[in-house]
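Each chain carries a letter (A, B, C and D) given by its place in the written order, and its residues are counted from 1.
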Amino acid sequence: MVLTVQEIGKCFGQQMVLQGVALSVAERQTLSVLGRSGCGKTTLLKIIAGLIAPDSGTVRLHGAEITKKPTEQRNVVYLYQEPLLFPHLTVFENIAFGLRLRRLPNNDLTHRTTRMLEHLELQAHAKKFPHQLSGGQKQRTAFGRAIIIAPDVLLLDEPFSSLDPETRASMQHLFKQLAQEYGIASLFVTHDLKEAILMGDSIGYMEAGKLTTFASRQEFINHPDYGARNEIEFWSSLRQQATNHDHAATV
Amino acid sequence: MSNQHRIFQNALVAAVGMLFAAPMLYLLLLSFAEGWTFPHLFPPRVSAGLWETMWGREQGLVGGLLLSILLSVVVAVGSTSVGFLAARYVSYHRWRRGLLFLSYIPFVMSPVVLGACIHVVFIRLGLVGTVAGVVIAQLMFALGFAVIFFVSFWNAERKSLEEAARMLGATTPQTYSRVLLPISRQPLLLCFLQTFLFSWFQYGLTLIIGGGKITTLPVLVYLYTGEANIYYAAGASILLMLPPLVMLWGNRAMAVRFGR
Amino acid sequence: MSSKSNLDRAGFLLFLLLAILPMAAGLLYAASYSVGLAGLLSEGFTWEYWGRPFQEGNQIFASFAFSLGVALAATAITLLVALLLVLTVRRSLDSGLLAHLSTIPLALPGTVLAFVILQWCSGSGIAARAAYALGLLQTPAQFPGIVNDQYGVGIIIAQVMVGVPFFALLFTQLWHSQRISQLMELAQTIGATRAQRAMRVAVPLLLHRAFPTVMLHLVAVIGVYEVPLLLGVQSPQMISVLTMRNYAMFDLQQKPEAFICAILYTLLSLLLIAIAWRRMHRMDHEQSA
Amino acid sequence: MKFLALLSLLCLLLIGCGKTTADKPQSVDLAAASWEQIAAEARGHTVTLAMWQGDPLINDYMKSYVAPALQNQYGVTLNIVGSQGNDIVSTLMTEAEAGKEASSYDLMWINGETFYQLRQVNALHGPFVEKLPNAAMIDFGNRFINTDFQQPVEGYECPWGNVQLAIIYDTVRAPIPPRTRQQLEEYVKAHPGTFTFDNSFTGMTFLKSLLIDIAGGEQQLAGPFDSAKYATYSAQLWEYINRLKPYFWKEGKTYPAAVAPLHQMFANGEVNFTMSNNDGEVDNKVLQGIFPATARAYVLDGGTIQNSHYMGIPKRSAQKAGAMVVCNFLISPEAQLRKLDPNVWGDGTVLDVGRLPDEWQQKFRNVPGRKYAPPRQQIQPKALMELAPEYMIRLFDDFRRNVIQKQS
């Protein structure tokens, strides 16, 4: 297991935000966590990233405990809903940021960054500043910036929620491709049922600070409580109706 | 927009502009005037004599100018850097509101009145009549401003950018040098400018804490304005106004260049 | 965690040491002086000095009333003029001629400002000379007293002169940040006339957003020193001038009164800051809502 | 917390600092030392002089002449700072209250109330004047020199200059200036808005001259402060002033804060009179081009106050030897002669010309004469002694209470 989280609990004042949360993510796998806003997803991700300290529980990376390690030494990257780019740096420099911190030799850095730009189809925009980009381009830059340092785990917090449906679909596709290619384990948080099913190798459901995980996608879909079945039935009945309608029209 | 309306607007702009520029123009004229008394609406005689003698006779003026520049730069650098950090602490602190309220007290209160109260504290610390004392006294007020100024700067977005840098592996010094300072260039400059001006304009506080020993340009100018020779006062006033004018105009140009 | 570094803590510590601590020590000293617990002539605890403001002929309350009146008048006129400017010549303030010229009054230190106003508005000043040239008066004494006058007209003129460009620029910025142009277009589609758009959309919105700044400006004007020092009268005096007079008087018995002034002034300022503060907090909520 | 510990430490420091009081040890005993020893002790040190700095000519005399001469002749560096009268008193008082070791000032230009108050709080060093070699040329028998506001000087301050209050007028605007109280009343009633006096030192000296006149001569008010006499005569003074008040500048509702604004208004033509504590100032101001060449000075028939101004050394000064060297130079014939010239300053000398060596006597008698001020011999008979300082303090206060704050 790349990431193992055990018995995480967190309160903000009187309010219990997380309670006994446990999960694990295997090599090259993506765990989708489905939950409404306010269910504690963001807090969980921030605890894994080291931005918030948990009240109880442990976080392990490749078996080693990192619960008290500072953020910058964890090699875990958290991606925000908004593609938070450094406004003073170009697209190229934003992507190269992590490599610069690691003092990579210049030609190596250029090479890697250029390759990443190609992957992201951002070559034409390398010299632009964030405020000159579209929403999708920004989010791709943020991805590139995170993936290029080959983090052990990537944490994604509703990364596509502010994009239009078309861009969203292509980004989902791009992400799967990149995760595969760079072999990154990730935790993907969303409130969109379809996206959760689409992105996750396994799925978890979070409600009121408690996480339920499912071994496989099918198990989740079959479970009556989470509405996956309803959704599928809705879409298939719609298709059914449409077919019937077409049928009727031809007749 | 009708033609008539446009003419009216242009006339208004010209009139208001004249009014804004009038003090500077008047002082300039006065510094070149001679015998400009009632009922002369315009100077009866003009001469550059004042500007020639001012530097020669009153070496104090050059000294005052240099001292003022030194003092204002130190106050501006000190309050901007300390304010930048202190505001970060305040912004992310549990008692953010209470701490911020404290900063408002030195920010708006009369430096002269508070100056009278802190006079004895400064004497005990041996700071009265020293440049260090005046710097610290002015810092006290400039810091209030700097903290307030930067508290709104340290918002959620700044915090997230910083977190993003850390997750990519940046250490604390790297976070500052590669992210926080570069993205803060504009506000840092603005705060520097404001605190510089505050210090540059300060008269009463410098007088109390300086004990008359620290003769900055405003102190000298006040001496002249209270004196019978108004032409001297005009000349010294212009010297006092030039640096702030250059800075304010420079800042405007900068603001335009950086697209606000 | 990562959001608080030692660097910030050091910065904050310096802020406490350099700003808050001396201020607190100074006010504490002022308080103890005013009750006879400090000072060369002190003879132990007494409320005697605090009785003085209530004595016949004492200037402290008159001075507070005068300062408040001057500040209110100056601020009201400043706001009125600044609003008129923003409503009529906003484009020029934004990026035209006025954008550049408005920096000149902002570069005027109080001392110079007061000097200029004195030279313009005194009985033998430029304004009086213009009136003479027009044949409106023969001697300086006939010119109406607008500096060193009972009502603080000179002080008000000076404060309006620096206040107007400041608020005009503030309003121009608010115009953008509050999208007033769009809101006024919207009002137009609903059928608002030009005047209605100005009076019902722009003016209330600008004043609402600027309220905390207005309050802080008021506190600042109440405490001005250099300007009334040159343009004021001996009675009543603005608070700063009165405090300094009592502080450095020949009569050492007056020193406690200086500190009483300082404390009363501090209390008044705190009250006004608190009002500004509440509104600011409320606006934070509006903004996030 | 570390944080709180540091804070409380600083608080302790703040409070603790005040407890230490000790005069800096002097390497020579100034009372016993010879002048040579004192001069040797002073060499290489810096003396901080607190003085009023509002007149560029006086500043110029001090900075371009006195300071370099001291440096060259005695190796003493003179550092001039701006402070005067009540500011000096409050600074020295606050220093005493705070227990500061070495005073901010080593020498101060003072007289009258400042001297009185500093003596009252025991802030002056002395007696030191008889130590100064040049003091032998001063006539300490002269009551205008040996007594400062009815307070014997007793060697606690060194005389520097001697001046007499004079009224300055413009011969064009007021061809016949009022010379008595009666004439002044007639004049202001005939020319309303053209007369005022400042609410500071000079104006109060003017009021004091009127008070003496009302009392019927300086003998009436000589000696220590007499509150009964003060009450009687000041009541008459306020009655007189309030009668004239509506005819003063700004209808007497306000008064210039200092004499310099009054000078400005006189120069501008806003008022027809100004006044000066220094009878010679009119020459100086005309030469500077500030007053018109038609300006003249005169004294009232009832007399005006003549006084001297002095140099005092704070008890807490760490440079007393240096300060004494500066004093000695300031009363040297060379420095006094230069100061007498209206082109330089026009300040009356404290030296008794008769005691000077012949060559110096010649020089003093040939000083380019005063053109706009009356000759000293002519106004000397009308010179009045300064009254006890309480009169001045009371006048300041009562003028505010009985005239300014009284809304007619």
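The rule is short, and it goes like this: a residue touches a chain if its C-beta (ideal position, glycine included) is under 8 Å from a C-beta of that chain, and two chains touch if they have at least 3 such contacts.
Everything numeric in this text was worked out from a predicted model, so none of it was measured.
Steps from chain C to chain D, taking the shortest chain of touch contacts, total 1.
More contacting C-beta pairs link the chains of B-D than the other of the two pairs A-B and B-D.
Of all the chains, the one whose CA centre sits at the greatest distance from that of chain A is D. Centrality by Cα centroid goes to chain B.
Between the CA-based centres of chain A and chain C the separation comes to 53 Å, rounded to the whole angstrom.
Centre-to-centre separation between chain A and chain B, using Cα means, comes to 48 Å.
Note: centroid distance chain B to chain D, computed from Cα atoms, is 36 Å. Averaging C-alpha coordinates per chain places the centre of chain B 17 Å away from that of chain C. Within chain D, the positions touching two or more other chains are listed as 14, 87, 97, 268-270.
Contact of a single residue of chain C with at least two other chains is seen at positions 2-3, 9, 25, 38, 124, 140, 230, 247. Each of residues 51, 70-72 in chain A touches at least two other chains.
In the complex of the two chains, the chain B residues touching chain C come out as 9, 12-14, 16-17, 20-21, 23-24, 26-27, 30, 37-41, 81-86, 88-90, 92, 97, 101-114, 116-122, 136-137, 139-141, 143-144, 147, 159, 162-163, 166, 172, 176, 197, 200-201, 203-204, 218, 221-222, 225-226, 230, 233, 237, 240-241, 244-245, 248-249, 252, 256. Those residues of chain B that touch chain A in the complex are listed here as 157, 160-161, 163-171, 174, 178-179, 182-183, 185. The residues of chain A lying in touch with chain B in their complex are 49, 51, 70-78, 80, 82, 84, 86-89, 97-98, 100-102, 145-146, 149, 151. Across the complex, chain C meets chain D through its residues 9, 13, 16-17, 21, 25, 38-40, 57, 59, 122-124, 139-141, 145, 148-150, 229-230, 233-235, 247-252, 255. Residue ranges on chain C touching chain B, taken from their complex, read 2-5, 7-12, 14-15, 18-20, 22-23, 25-27, 29-30, 38, 85, 88-89, 92, 95-116, 119-120, 124, 126, 128-130, 132-133, 140, 161, 165, 216, 219-220, 222-226, 230, 239-240, 243-244, 247, 258-259, 261-262, 265-266, 269-270, 273-274, 276-277, 281.
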